[in-house]
Amino acid sequence: MSLFHIIPDRHDVVQDHNAPKDKNSFRHKLYVVIFQNNTRAGRLFNVGLFLFIFASIILLILESVESISIAYDKVFDIIDYVFLIVFSIEYLLRLYCVRDAKKYALSFYGIIDFLAIVPSYMEFFLPNWHMLMAFRCFRLLRIFRIFRMVRLLDESRYMMLALLRNFNKILVFLFFIVLLTLFLGVLLYVIESPYNPGFSSIPQSVYWAIVTITTVGYGDVAPMTIGGKMIASFIMILGYAIIAVPTGMLSAAVVTKYRDMDNASRTCPHCHNKNNASDALYCKICGTPLSDNMKQK
Amino acid sequence: MSLFHIIPDRHDVVQDHNAPKDKNSFRHKLYVVIFQNNTRAGRLFNVGLFLFIFASIILLILESVESISIAYDKVFDIIDYVFLIVFSIEYLLRLYCVRDAKKYALSFYGIIDFLAIVPSYMEFFLPNWHMLMAFRCFRLLRIFRIFRMVRLLDESRYMMLALLRNFNKILVFLFFIVLLTLFLGVLLYVIESPYNPGFSSIPQSVYWAIVTITTVGYGDVAPMTIGGKMIASFIMILGYAIIAVPTGMLSAAVVTKYRDMDNASRTCPHCHNKNNASDALYCKICGTPLSDNMKQK
Amino acid sequence: MSLFHIIPDRHDVVQDHNAPKDKNSFRHKLYVVIFQNNTRAGRLFNVGLFLFIFASIILLILESVESISIAYDKVFDIIDYVFLIVFSIEYLLRLYCVRDAKKYALSFYGIIDFLAIVPSYMEFFLPNWHMLMAFRCFRLLRIFRIFRMVRLLDESRYMMLALLRNFNKILVFLFFIVLLTLFLGVLLYVIESPYNPGFSSIPQSVYWAIVTITTVGYGDVAPMTIGGKMIASFIMILGYAIIAVPTGMLSAAVVTKYRDMDNASRTCPHCHNKNNASDALYCKICGTPLSDNMKQK
Amino acid sequence: MSLFHIIPDRHDVVQDHNAPKDKNSFRHKLYVVIFQNNTRAGRLFNVGLFLFIFASIILLILESVESISIAYDKVFDIIDYVFLIVFSIEYLLRLYCVRDAKKYALSFYGIIDFLAIVPSYMEFFLPNWHMLMAFRCFRLLRIFRIFRMVRLLDESRYMMLALLRNFNKILVFLFFIVLLTLFLGVLLYVIESPYNPGFSSIPQSVYWAIVTITTVGYGDVAPMTIGGKMIASFIMILGYAIIAVPTGMLSAAVVTKYRDMDNASRTCPHCHNKNNASDALYCKICGTPLSDNMKQK
């Protein structure tokens, strides 16, 4: 359920821990097709499923556009039923073919699969409750299944790991930004609030400070007094300068990581040269053969 | 036709693979002037051609400004004819002087050269079809010819290569951004749509999310509810923080590349391993002594 | 009182230099609880105090929202009194338990603690002076106490040090930005002021230049003449390019610092040179052999 | 007159090449005070001059604010006369005390000093010519004199050199941005111009593309059609991604420069270890003494 579950372990793709015991049963064959990716049938099923998920998200987006939604009302209703039936059958098959149905139902993907279909069913019973429309968006979460399939996984996990390794620093940085915008928001509230309706409260001012320091700058709220403009200028230059902080940290982290990967060095037993590359078989200074167990961590 | 064709190989500048066979014919001499850059006449032709292309683009820009376009209507028409005649002659000469006219016509630059003149001709036959005016913009594509001439080529190819080497990472990053803006757009659609006409559909909300996360912040659409503003603040700080990701990756890539270039490696005369460090005295794979004059540039 | 006081020294957390002399007195016990963080009671007191400070800031924010402020006027008044009494008692206890009350009162945190309560008292005597409301915001400064408690301290000090080490460069950069915006502001004032009310004075134009070069871009002021738009375009691309300067500097600084930390050096037992590389076998200054157990952390 | 003159050589500060020949004359003593910075009188003169320049710029800024300008009209006129007299005397003294008056008058600073006073004189003869007011801004250029005085010089020159070393890359980058915005501007002109007055001409569209790709985003012009919004989204994400290019290049340049400074390494004549630090006297691998002439470039 944690953040780590979003980026599933690679071995997870060929997981077996919830497969039915009898390897020759129909349930086990179904399990291999639905949950695994290392057979031809499994890959076909997963690609097909992803196309269905993708189509259902496109449908969701189109339905939200009023002009399209009114024109093709009936068509959308029918396609919606089709998707509902397909995803329901898929969910039931998943429940059926795993060894422990409860374990799947309470897993990260199990909950997403459930959330993706249940709001559509509730619309039958509570057709007028507008908010239910919103819950259809849970369908969007199924896009995470893509992480199970694509080769991009390795790259994205690499990046996610780099971010997690520097999580402390990012947290301090965000905490610092929040504190700073709080101070600056209060400051501009004190200066601008008597003259400018856009700074009528501290939350409003803090919102403005965030919009400004991140250089988004909508312009719906802008300082109008001279003092406010001076402090706003200071905030902008500050925001412009401190964007260097996370960038610098990440650059350094990635550079350092690359170097560490290069520098898995090995010490020569004869001349004690420690700068042999990790794949060296002979010392580059004296030519002494290097044994395998010399590798340093 | 691929992206690699946009950045032509440097040897391409003095290419000969489509030159006429008879080296003393007028066609071959014309080929050298028009297609090659290593003679005085060739350079003159190319610089002159580029000035014409540049002037035709300036004309295109000026014609689009209504006040100028009305005042100098007749002048522009005449200059347009002149450009059309010049570029038509140039295109015909190119077709004439190459060994295989079809090969040139279907090459990257051949298609661009054709697209740059054909819309102007079609205006004679379909004078009222407004969209044709738009196709004049194909003329802009001819600016790519500049890549054939300038010394900047090396720098730009270097950068293009660095980007291509990190293409996977950039793709993952863009995919991640698109997914993120999709989620955030849907989230704000759910929160804001009942109160704010700017979030009337999911595409509209996703557009807003992209405008916000990239810190562009037009301000034509901005959240108005408290919940929307809180999530918007989160998006902004997120966008501010994740800009570090591509920057960090590219910095690391460039630093690493520079270091690799420094570590001008030495090839082992025995096992032909090319990855020996610049200060290695013995091959790290087979232990053969390396002499000093083996260093590669 | 300087910037360095904001990030107190870690040893400061268990400081003793203002503790009462008699270690068994009630005053000393109180001092340990209030000022120190290394006992269970001390940690409890500090966490409790921080929750109070946090609540008082939430109160401040809520009071600034007019709709909430009017609805819960009486409730806020009562909670305000409670906070005033709690913080007053805390301040008096701090004054009582330190050895030198004046020294504490004039210290960084002493002044903040005083400023956080005195405006509320002045409201009794000058109830109509609106500006006093603004001074309540001094309460916000107490959030700095968090730096005394949290483990985040190390990370934030590390970043602060990195920034201070590069203070000169950042100063030059900011000075350069200010000078640049001054020039560009004057330039656009000359071009735009006759046609555009948004550039009616130089300060106004400089404000616009800052808004533009930092890529904030509110849009409340924008160039309207062709000349103005051309220079504005130049400014934007410039701002887009020079953001690389602080980022590049900081990246380099952090990378360099990491490398320095990696090059954990070894001290020579003979000449006490501390700058030997981690893989050195002989001191680079005097040639004395270095044994393995000399490596510094 | 080139860019290099803006950042004068440090030795320039104590330059003597335009000093009067007779070292004991009054002219030479005046030259030392006015042009040089290494005597107490020289420093005093320069600091005083800078204060005057700074005050004249403040005056210029204040005069541009209409409300202040009207209220203190007479006062400003008088102060203006005072500055004019002071700067005129200073200019005449400079002309008097140098060996070659013409050489100074045509030098970078000589022209600036002249431009700073001449518009004020012309206002006497052409009091109604409004544009002359604008030329007063030349006074701003005198701020460059600060580069002659402050220690910041070293830092700013260091940065300027780093930028100049990467000038080619920056030029390619800017050229690429300009080309890209031209293409994208034309593309949106074709799509948006029939529906959106903000894209009425190609220059207008290119301006919008620059505002968008640099993430400034004023919002005075924004796409309104679906196609336009889709391409705009693409532009924004592109701009967000390519900001990494100059940052990455500069980071790499600075890191590489730092490393080069560290790595002025020396080769051991005995064990041929090339990794000895630049200040090493003995090889760190075998302890052999290193002679001074072994240092590699």
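For this structure, a couple of remarks:
Letters A, B, C and D name the chains as they come in the text, with residue numbers starting at 1 for each one.
Keep this in mind: a residue touches a chain if its C-beta (ideal position, glycine included) is under 8 Å from a C-beta of that chain, and two chains touch if they have at least 3 such contacts.
Remember, predicted model here, so these are calculated numbers, not experimental data.
Comparing chain pairs B-C and A-D, the larger number of C-beta contacts belongs to A-D. When you average the Cα atoms of each chain and compare centres, the chain farthest from chain D turns out to be A.
Homomeric contact chain C/chain D is classed as different-residue, with under half of its interface positions used by both copies.
Rounded to whole angstrom, the centroid-to-centroid distance between chain C and chain D, based on C-alpha atoms, equals 30 Å. Taking the mean of the C-alpha atoms as each chain's centre, chain A and chain D sit 43 Å apart. Each of residues 173, 203, 206, 215-219, 243, 247-249, 251, 255, 279, 281 in chain C touches at least two other chains.
For chain D in complex with chain B, the touching residues are 168-169, 171-173, 175-176, 179, 182-183, 186-187, 189-190, 193, 200-203, 206, 212, 215-219, 222, 226, 229, 232-233, 236-237, 239-241, 243-245, 247-249, 251-252, 255-256, 272-275. Residues of chain A that touch chain B in their complex: 57, 60-61, 64-66, 134, 137, 140, 143, 152, 155-156, 159, 162-163, 170, 173-174, 177-178, 203, 206-207, 210-211, 213-220, 243, 246-247, 249-251, 253-255, 257-258, 275-277, 279-289.
Of all residues in chain C, only 215-219, 247-248, 251, 255 touch chain B in the complex they form.
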